[in-house]
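In the two complexes below, subunit A is the common chain; its partner is subunit B in one and subunit C in the other.
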Partner chain A sequence: MNPSHTASWGILNRRDFPRLLDALRTQGYRIIGPTLQDGAVKWGDIATVDDFPVGWRDHQSPGHYRLERTESFRYFDIVHGAESFKPLTFAPRETLLVLERTHKTFVATPILPDPEPLAVLGVRACDLAGLAIQDRIFLHGPYADPYYRARRDRLFIIAVQCTRALDTCFCASMGTGPQATAGFDLALIEGDADFVVQTGSEEGARLAQHLSLHPVPPERLRQEEIRMAACAASQTRSIDQSALPRALYDAHDHERWDDVARRCLACTNCTMVCPTCFCHGVEEQPDLMWTRSERARVWDSCFTPDHGYIHGKNLRPTIKDRYRMWLTHKLAAWIDQFGMSGCVGCGRCLTWCPVGIDLTEEIKELIRSRQASGS
Partner chain B sequence: MNMESAISPPMNPFVIHPAVIKEKRQEAPEIVTFRLQLEDPAIRKQFRFEPGQFNMVYAFGVGEVAISIVSDPDHPRELDHTIRIVGRTTDVIGRMQPGDRLGIRGPFGKGWPMEEAKGSDILIVTGGLGCAPVVGAIEYIFRRRENYGMMNILHGVKAPHDLLYRERFDAWRAHPRTHVWLTSDEPGKTWHYHVGVVTELFDRVQFDPNHTFVMMCGPEIMMRVASHLLSQRGLTPDRMYVSLERHMACGIGLCGHCQLGPYFICKDGPVMRLDRILPWLGKSGI
Partner chain C sequence: MARPARSFRQGTKPRLAVMKFASCDGCQLSILNMEDELLSLGTVLDIAYFPEASSRRLAGPYDITFVEGSISMPEDVQRLADIRQRTTWLITIGACATAGGIQALRNWADAEEWKRAIYPHPDYIRSLSTSTPISEHVKVDFEVWGCPIDKRQLLRVLTDIIGGVRPRLPHHSVCLECKRQRQVCVLVAKGEPCLGPVTQTGCGAICPGMARACYGCFGPAEGPVAAPGAPPNTHALAQQFHRSLGLIPVEVIRRFRGINGYLQPFREESHAWESTEDTHNQG
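Right, the complex of A and B next:
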């Protein structure tokens, strides 16, 4: 995805949509997209366009997720499921090394993931923003992570622009959506009879040549801009970032932490569905003969009791400590660490919280009282 | 904010390199020092480190722990690690013998400001057991004694029997222009040093605040109090350094466990200049 790429637009008739899948497959890509599995939306293999969840849309609110049948024939009426883009590049479990005993010593062999070319169809702006944040963490620190790199480099990304916001969405206030502006090879806007296709990279432009696109009237592009702007305007939640990170650092002793700790179950759901949370532990799995051992990194969460453990003591023994750690890291420390917020406004942590904690409300309280008290 | 070490990072920072145990020294019932030599000659040859940096030390089939390197950086072909046996992995490591293999990834993190401190007096403040990270710095200075000014080493323990390396303190005391100050919170029959917390020693030590670098290691709350008292004596926070400890699984700022405020202790530390870390030092629940 070349930032210097000059975007071009075209119209893909609905009946020609399967051509996109054909073109991707011809290029050697396995295709995944949103699919219905066990009553939930997950990334799944797309063999034909019928694999998309046509005639379903999602309703999300804090602690609430429901799929609803509709009469719509659109492919991308569901905004998103619990899975963000994250598991596709930062695997929930990644074998790092296999270690084998030899005569007196041992040999460590890195196990890099299979770089099978993968096209992901139906990525939302918030998840592209999450991907950009994960790129910053895993690829642009002092060490580029070779495992993440292998999963990342094989991707062809097709975004779908959002024209409907969920009750939980607040990407507009985070500056990450609803319109995806970078980080994709192609982006689609789904209309009633067609798709507006936008190229985002040279690879995307090459693929678009196989799609028999029609020219887009400028009026149509303007209409789509208005649709996306309306989607942004319809969002009811927001985070005011102007006082961050300072305001959260200063809120360390705020009584609101006690309040949220009484509700939080420390279940880790928010961190698992978060597109940016990157904490992980490393597991060692020796065989029974103690001659071969595997080391794998596994997603961890700052809500687990072990996360802040250091020989003999737990630095964050209470749920209050852990919630404060999570929120302060996500919305404040992240800015100092990576030059960007750790939140993309996808709203998953609201939806998948069993007790419906809404971080936009928490942050409002934490910052508002600070301003009121004039400190 | 590019303060990464000048050493070029390996291609895959997760690969563990076997190292043979050349020597094992029992420092105390639960503290051992291992002298390790990387097996691969090419890796051994390019290995460089600074006092205060650490390695991830690996026991086959068990796991890794972050351990600071206490030997001299001019002799990087043999690496000393002082390990306190406190858990499952260190328990296995502690039972290993010369000839056995451990694994090494590293070196990681930022070390002590040995270059900046050249020509200055040094005040070492440690508390608790061992404090391996600062031992490397002390030994480094004694091997280059002419490069540094007055040495004051202050060490506090909870009770007299917590004092480890008694001989080492005696050896340090014998160096020119060096004072060693020991204190115990609790008195004891054989304890003929000061009784009280380590910060009480500040009143007895003579130092020129404009000409002194401070290196601290120990409980965060002790370092917080110490830095406050030293500031009152005229020392500025940019001349005070602390070595910090957190749980580390990766060593390279990716696993998230070692965070303290906006910092990853594994890559922004473990040695940090006080003015950067002061707001977070000793704060509870973070």
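Right, the complex of A and C next:
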């Protein structure tokens, strides 16, 4: 994903789409993409084009996810699945090192992953925005994470541009989508008879040479731009970022926190499905003899009782404390910490909240009342 | 809850006892199910009293006593007090011992009437009118949850005590573990009335992994008594069951009044819906 790469476009006929899979496999990639699993779409292995969820589309609203049968023959009618890109680079559970006791001391052996080359097909703009934020967290500065690095470096990313927005999507207001503009090796726009293929890296351009692409008429690219613009315009939810981060800091004592705390389960689902949440715990797993221990990293959440615990005290005992911590960090403190918002507008925290809490509504209330009272 | 752990002297093995009150023995079987670790356990522990596993029965005192089952008969109370006297660590294992178990459903009923209705000779039955957790009667040093308990959790507690470390088990929701295992939420994707968001982790999110709703067998998330404003937010989940998933009040009551139904967060939630039931009936 070389920033100096000059993008080129071509047309891939629908009947030639399997060539893409062949080309990836010839390069040694295992291929994963959206697949039907357990009544939802998850990342799964793609052996043939039949593994894509053809003839299905997703309906998402706060606290609700359903798949619906359609007559469509398209491969990428599902906007996005239950999981973000996150588990592919930041593993939910991984052993970091093994500690072994010897006669007078102990030996620590790091267990670095050696993952196979992985091509991910069907990545959305919001997924890429989430990945860019995780890169900033795990790879930036003097303490780059070698475990994340190993999983990150083996990736070949094929984005699919969004032409349909879900009820829960608000990427347009976050400036992250629906069009993916960077961070991919190839990007596809699916049409009725073909795909428009865009290269995003030298590796992507090399792979595209195996696809017998046809030239794209300039008019076609204009049509696709219009389709993506229409997708952005169709989004009904948004976050007004103009007043952030200040407005949320000022809302620290807002009564809306009590209101949302009555609805919030503190179950951690929003943070688990969030493509950017990076909190983790480190667990020790000793054997009965205390001669060997595995130290593992596991996904954690600011909604757990242990997250706010310091010696002798839990700093965030109530649901209100925890929700305020999450939203304030995600939408405000993140900007001060990393120079970007922690939200990409994918809407997964709305869909996968068991009680359907909508952070776009919460932030609206928290900011609106401030403007009313602050005048 | 637990006192600071003390290390066991070099060369001495902690003496373990396993005692039983009203229960199905499933948690004791979870100990025996630690097949890969049983030999090691025998090396680091002196298994002094475990009638389910061995006819060798050594008298106390014991260093660690696992107690399974709830207090259900009049003589249980004294027997439990004696056990407490003879052990350093008293650790309850399973929902019966920590919450009163499924048999605590009798706490909402007229137990005498049930005896007369069920048994041809009710006078043969000698039981209390309630089933109560061990912690209502004696000081408990540590509680291991579940119906049945998870053998990995039990092994971890033993490992910590043997190593002189205060045992700790996580108290967060089942959802966190469900997502770590990359499972699809059955509540959101299937409309199943899953108790995972208000239930304590420990099982490994087994039921959602089998496309089933969690039924709360590891008890309320964050412990048996909810602090004001702290999880578990049973009320918000119950409202979702009712309003969005279409459960009628009696169905909501049955979700919460199960294996751990006698514990305060679940008990109070089911009581709240009982009054809703009355309102509905009167209306």
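The criterion applied here is as follows: the second predicted complex is superposed on the first by the 372 of 375 C-alpha atoms of A that agree within 3 Å, B and C clash if a C-alpha of one lies under 4 Å from a C-alpha of the other, contacts with A are read in each partner's own complex, and residues count from 1 in each chain.
Quick note on the criterion: a residue touches a chain if its C-beta (ideal position, glycine included) is under 8 Å from a C-beta of that chain, and two chains touch if they have at least 3 such contacts.
These numbers were taken from a predicted model, which means no experiment stands behind them.
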Touched partner set for A:318, first subunit B, second subunit C, both or neither: both
First, second, both or neither for A:333, with subunit B first and subunit C second: first
Subunit B versus subunit C as contact partner of A:69, first or second or both or neither: neither
Which superposed partner A:40 touches (first subunit B, second subunit C, both, neither): second
Subunit B versus subunit C as contact partner of A:264, first or second or both or neither: second
Which superposed partner A:249 touches (first subunit B, second subunit C, both, neither): first
First (subunit B), second (subunit C), both or neither touched by A:286: both
Partner chain(s) touched by A:93 [first = subunit B, second = subunit C, both, neither]: second
Interface residues of subunit A shared between complexes with subunit B and subunit C: 286, 290, 300, 317-318, 320
In the complex with subunit A, residue positions of subunit B that touch it: 4, 9, 11-18, 20, 39, 60-64, 84, 86-87, 99, 101, 103, 245-247, 249-250, 252-257, 259, 261-264, 267, 279, 283, 285-286
Subunit A residues touching subunit B - in the complex, by the definition given at the top: 96-97, 99, 101, 104-108, 110, 137-138, 141-143, 145-147, 245, 249, 252, 278-282, 284, 286, 290, 293, 295, 297, 300, 302, 307-312, 315-318, 320-321, 324-325, 329, 332-333, 336-337
In the complex with subunit C, residue positions of subunit A that touch it: 37-40, 42, 63-66, 82-83, 87, 92-93, 261-269, 272-273, 286-290, 298-301, 303-306, 317-320, 351-356
Partner subunit A, residues of subunit C touching it in the complex: 37, 40-41, 43-44, 155, 158-159, 162-163, 170-173, 175-176, 179-185, 187-190, 194, 196-198, 211, 221-222, 227-233, 235-237, 239-240, 244
